[in-house]
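By written order: A, B, C and D. Residues from 1 in each chain.
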Amino acid sequence: MTHDRRDTGLGDLALEAALRRVWAAAHGLWGLLATVDHKAIGRRYIATAFGFLILGGLLALAMRWQLSHPEARLLDPDRYNQVFTMHGSNMMFLFAVPVMEAMGVYFVPLMVGTRNIAFPRLNAFSYWVYLAGGLLLWGAFLLEMGPDVGWFAYVPLSGPQYSAGKRADIWAQMITFTEISALAVAVGLVVTVFKQRAPGMTLDRMPLFVWAMLVTAFVVILAMPAVVTASTALILDRLVGTHFFNPAEGGDVLLWQHLFWFFGHPEVYIIFIPAVGMVSTIIATFCRRPVFGYLAMVLALVGIGLLAFGLWVHHMFTTGLPRLGESFFTASSMAIAVPSGLQIFCWLATLWGARPRLAVPMLYVLAFLFTFVLGGMTGVMVASVPLDTQLHDSYFVVAHFHYVLIGGAVFPLLGAIHYWFPKLTGRMMGARPGRWECLLVFAGFNLTFFPMHILGLWGMPRRVYTYQPELPWAGLNLFASLSAVLLAAGFLLFFWNAWRSARHGAPAGENPWGAPTLEWATASPPPPWNFTRIPVVGSASPLWDSMGELTVAEGLRTDRRELLVTSVMDATPEARESSPQDSIWPLLAAIATSVMLVWSIFTPWAVVWGSIPIAVTLIGWFWPRGTPEDES
Amino acid sequence: MTGGWQSALAPGGSSADAILRLFWPTVALLGLIWLAVLLVLAAALLRRARPEAPRRAGAVVGAATAGTVLVVIGLTLASYLVTRPISAAADAPLIVQLRGLQWWWQATYPEEGEASGFVTANELHLPLGRPVRLELSAEDVIHSFWVPNLAGKQDMIPGRDNALTFTPTVPGVYRAQCAEFCGLQHARMALLVVVEPPEEFARWRAVQAAPATAEALAAEGRQVFERQPCGACHTVRGTGAAGRTGPDLTHLASRGTLAAGLLPMTRGALAAWIADPQTLKPGNNMPLVPLSADELQALTAWLASLR
Amino acid sequence: MRQRVVADLSGLPISGERHSSPSWWGTLAFMLIEGTGFALAIGIYLYLAALAPAWPPVMPPDLAAGTGVTLVLLASLLPNALLSRWTDAQDLRRVRLGLLVMLGFGLVPLLLRILEFGALNLRWDDGAHGSIIWFLLGLHTAHLLSDLVETAVLAALMFTRHADNPRRFGDVRDEVVYWYFVVATWLPIYGCIYWAPRL
Amino acid sequence: MRKPSRPRPAAGVSVRQAVPLGLVLLALCGCRREAREVRLDPPVAAALAGVAAMPNGIGGRPPEVYFVLGKPYRGNAYQLSEGKRLYAWFGCPECHRDGEGSGRGPSLLDGWWNHGPGIETIYLSIRDGRPGGMPPYRTRLTHEQLWQLAGYVQVLGAYSASAAAPGRSDQVQSRPAENRAPARFAPLEP
């Protein structure tokens, strides 16, 4: 142990060569399947999630086509019900949550200045499980056995008596797949943020995006078990005849709704909080000053995370719960406007005192402010019990949550992709198409979804496959459908721009935007080891305060994958810890898990027999190989 | 712009009216806040930036947050104040039991004083100015009863009993549509609510409570009805047909629509519906019963006479 | 970017212990996830009990097997604490012994658990009550079982060339913490299944 | 195959894996079990009546169209669930309970078929009735419905559960659900 190799005194080239030897993934297919590099995993996560976004968008266009005129026959009711269920489930479980976590997987380790995410094999495993869940859902849909019970799958409609076949089981098990993957990522992110920050990055010097991902990870950890429990109970009801949701045998129909929304509402914040972190990041960079009120921003993030668990009942205002209790949930639901408002005020204060550069990411932030604030206002309306009894389950709500989710999360995400594209690919994303795409998406979105507020007030319920000509909805529906083409064109331009820029974009240097955070202190795209030497941080905006010189630490070994463990509060160095090598076992474990989960839709014995391969693959995963990473 | 006979913006009942009176001020207040945010944003982008004393910015942000708290408290109180009268019990209401089924509505008017009780489907009649208490239940899956012009929605949940109380204040015909996704034909589950003066309501109730009166021409159609499987699911009071799983057809032709709002109640529509229910409303529980042209002719003539 | 070396890390230990070890925090995070799951399951139990006109709808489960499991689990705390101490001392021989003992303490409750399912007097499809107590018991059994496998693998590992290594002792330490969790989560479940119906 | 060192494999991999996995799924589940055919063309529905019955009404051969349709009444989840609905709606439980039978009608779970276990025989029993109290249902159900009901009754009394069989009802439970092969738990005819 005394003759291990260190980086001390090595020149840059020699050091990089040494690091490449231990950190680079193997060549070939094997390397792709076995890699545990958070950037490789994060990239494929992001690409897969955007793939699902395209698929979900196509479903949305099919629905808009069907609804563009009364009594349309493009989709029959069975197909339409599958389509909107798939659209919702796909966008929530296969796009929004994974893509936000993927951004964390890619950027959090870079932003905190470490060499890989904590538990990188778990991270690889989470991607494979997620992919399997997505393939399960879409495979079923292509075989005309896609779930058709809505993305919240209320019992008894999704229960054993009213949902024949395996459609609802596929939905419920897809939930388990995606939640396992989300939970695995959350664990990795929490530990990365707690224990792997660069020396000197005290909690109050953490970038706001890292704070946002930390809060998100905790919300995931506390919320996701509820939906896994619920979907497991549903499968048990359907497969082995338990009675969780059967009122005739002491079960309860509303139990499902409580469990689902105890997860389902925080789910919205799991999507929204990372987006808030992206907005803060972009605003700071393009205003060239830190976001106003760092402490207030952090407290607002934590406050949103906490409040998220206190307002699930506002999805159930029309179920006949006691009125007094409902009024409490009105108060708690509206209260979320306070931390959200606080953040908006802080951003405005930041913009007020600066001269922001209106680059494309910043344009998306402006689109976000316009749209999200409007969605927040309608959110306050649906939090009010009497108003909600009219608005609930109508197109008003459809408009509201698209304003919040697309305006509040997808706009910042698109901005963030523009912003971080140089880091992801080494090239700038085209600015001129970027401005057009932003305009198209923004205008197309508002023109598509604003009329839905009015449709809802005019009595149009959601999830109807058609409507009759004697109802006054045809005009606005046609308008919304035509506008959806505009929105789709905007997205098309975005994808074309990304695809083209990845090949032909202008090369970006380390830090093209002049941003303050650590991910910009390394090459674009970063090498497998992220940082040749671990940065030492002295402020919240290290690259602004460093006068063009990065303070670093040395003394890590170069004969094994080694990174630095620091203390939770002050990020003082505590130990040098090894980071696991590439391994095929996470993929094998994911395959074993997938087989067990799919099999258990058909027979409960799958849990018994299917667990054996899982145990075997997990033992293979953890069994030491005698490498320097495994031994101390 | 008020959106007609299925719109929350054209109230014809006490609850919808109270909600709308909360709705517009809320929209105005929140709209103003939204505009204010956008104005500040625009000003921030357009002004020539001067370095601002952070303390002043802190005070402004603090004040805005405090303002948010006040707005939230105000709206919560307002919402609570509107909730109370809406959910209050009414004196001597008309009680109607409404049951949601895949994909139609069954209404039971219980016996009340002189008036005897009866069962009907897919159409409610309510007397003007008298509070009504709808007792809501579900046969199979969750449905939700929503007449936007009269009141906010209330779910019908298997294993639970819900009720909705309101007073119709404007006569007219209103349309309701199931508001909770309930399966294949969720889109085709509508109901008409006719609000009419009390005398007319009493007349309607008396007619509905009586058994069917079949006219001379139509006797043949009645035989078709009884010979074919129709009676296994449907009841026509006064005949042998006493099925209980489908809508009561005793006064079918008195209703405005057919098949839960799918078609207007005409003889042609009846014929089309009976001849091919699975094309008009795929997946519903009415089977295609093969009939000859003569049988169909006679049957629809008889059904159309069931007023 | 130019780099300026300001710190030398070579003096740090090459793997962290306890709260300076990522895997210790990972174990905590997983305990938080699973603890949330247990809390929700108990929440479902209480929710269904509050809704039912009479709870339990049938006679409560027989006490013997469940109490036996509880006593064994409580008794296991002592060897678990000893194992923890030996691990801190990195005393390989005693750690091996401790793991073997804990293997026994993992196995016995599992065997008793088989009797427990029989002593519930209910099947999983005997009403919502049967469903939720089978669910609770099944959830905890899954934890017992996975912990048993983990202990067995660790015990086997400690007899190989990979054994005498601070990292292995860290694994044993995480395992010790996790066993405390398995015991701690049992107590409220035991209360729910066996004592709540007797109140 | 792809160039191995390509850094962004995700989308490509997912598409490539989707195809074989989709085929496997197809083979595993079979679309037929999940299809939802809500409307038969009237001539097809009429042809379903053409069972070639033995003179005693026991045994026979289903019409050709039954095979052309892919025997949907035995293995299609939606058709079986329709049969289950009809079982409840058309009064079967009055004599047969949830399948256990009563003094008025035999058990359907005990594996003892008075007239043979074939689906065409069950169809004939329901359509034409049987001596001993089983009324004919031909005037109350269409042929398609008769087949749905016959398929359900057959699944109800099967000893090994089909993956297409319905799950439990939202009612008080009196026997294990159809997808758990209630016949296995039923006592044999005394």
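Going forward, a contact is a pair of C-beta atoms (placed from the backbone, for glycine too) under 8 Å apart; a residue touches a chain by one contact, two chains touch by 3 or more.
Remember, it's a predicted structure, so these values are computed and weren't measured experimentally.
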For this session: Would you mind naming the chains that touch chain B and likewise touch chain C?
Result: A, D
For this session: Please indicate the chain closest to the centre of the assembly, with centres calculated from CA atoms only.
Result: A
Seminar exercise, completed: Counting C-beta pairs in contact for A-C and for C-D, the higher total belongs to A-C
Exercise. CA centre of chain A versus CA centre of chain C: separation in Å?
Worked result: 31
For this session: Quick one: report the Å distance separating chain A from chain D, using the average Cα coordinate of each chain.
Result: 42
Exercise. When the C-alpha atoms of chain A and chain B are each averaged to a single point, how far apart are the two points in Å?
Worked result: 38
Problem set entry | Where chain C touches two or more other chains at once, by residue number | 125, 127
For this session: For chain D, write out the residues touching at least two other chains, lowest number first.
Result: 36, 38, 168, 170, 173, 176-177
For this session: Find every residue in chain B that makes contact with two or more other chains and list them.
Result: 158, 184, 282-283
Exercise. Between which chains is there touch?
Worked result: A-B, A-C, A-D, B-D, C-D
Problem set entry | Residue ranges of chain D touching chain C (in the complex, touch as defined) | 168, 173, 176-177
Problem set entry | Residues on chain B engaged by chain D in the complex (per definition of touch) | 158, 184, 227-229, 232-233, 245, 276, 278-279, 282-283, 285, 287-290
For this session: Within their complex, state which residues of chain B touch chain A.
Result: 3-4, 6-9, 16, 18-19, 22-23, 26-27, 30-31, 33-34, 37-38, 40-41, 43-45, 47-52, 54, 57-58, 60-61, 64-65, 68-69, 71-72, 75-76, 78-80, 82-84, 86-87, 102, 140-142, 144, 146, 148, 151-155, 157-160, 162-163, 175, 177-187, 261, 282-283
Exercise. What residues on chain D touch chain A, complex-wise?
Worked result: 1-2, 4-11, 13-14, 17-18, 21-22, 25-26, 29, 31, 33-36, 38, 77-78, 80-81, 84, 163-164, 166-173, 176-177, 179-180
Seminar exercise, completed: The answer for chain A against chain C in the complex is residues 1, 6, 8, 118-119, 122, 183, 186-187, 190-191, 194-196, 199, 221-222, 224-226, 228-229, 233, 236-237, 240-244, 246, 249-252, 255, 258-259, 262, 510-511, 521, 532-534, 536, 543, 548-557, 562, 564-565, 567-568, 573-578, 615, 619, 622-624, 626, 630-632
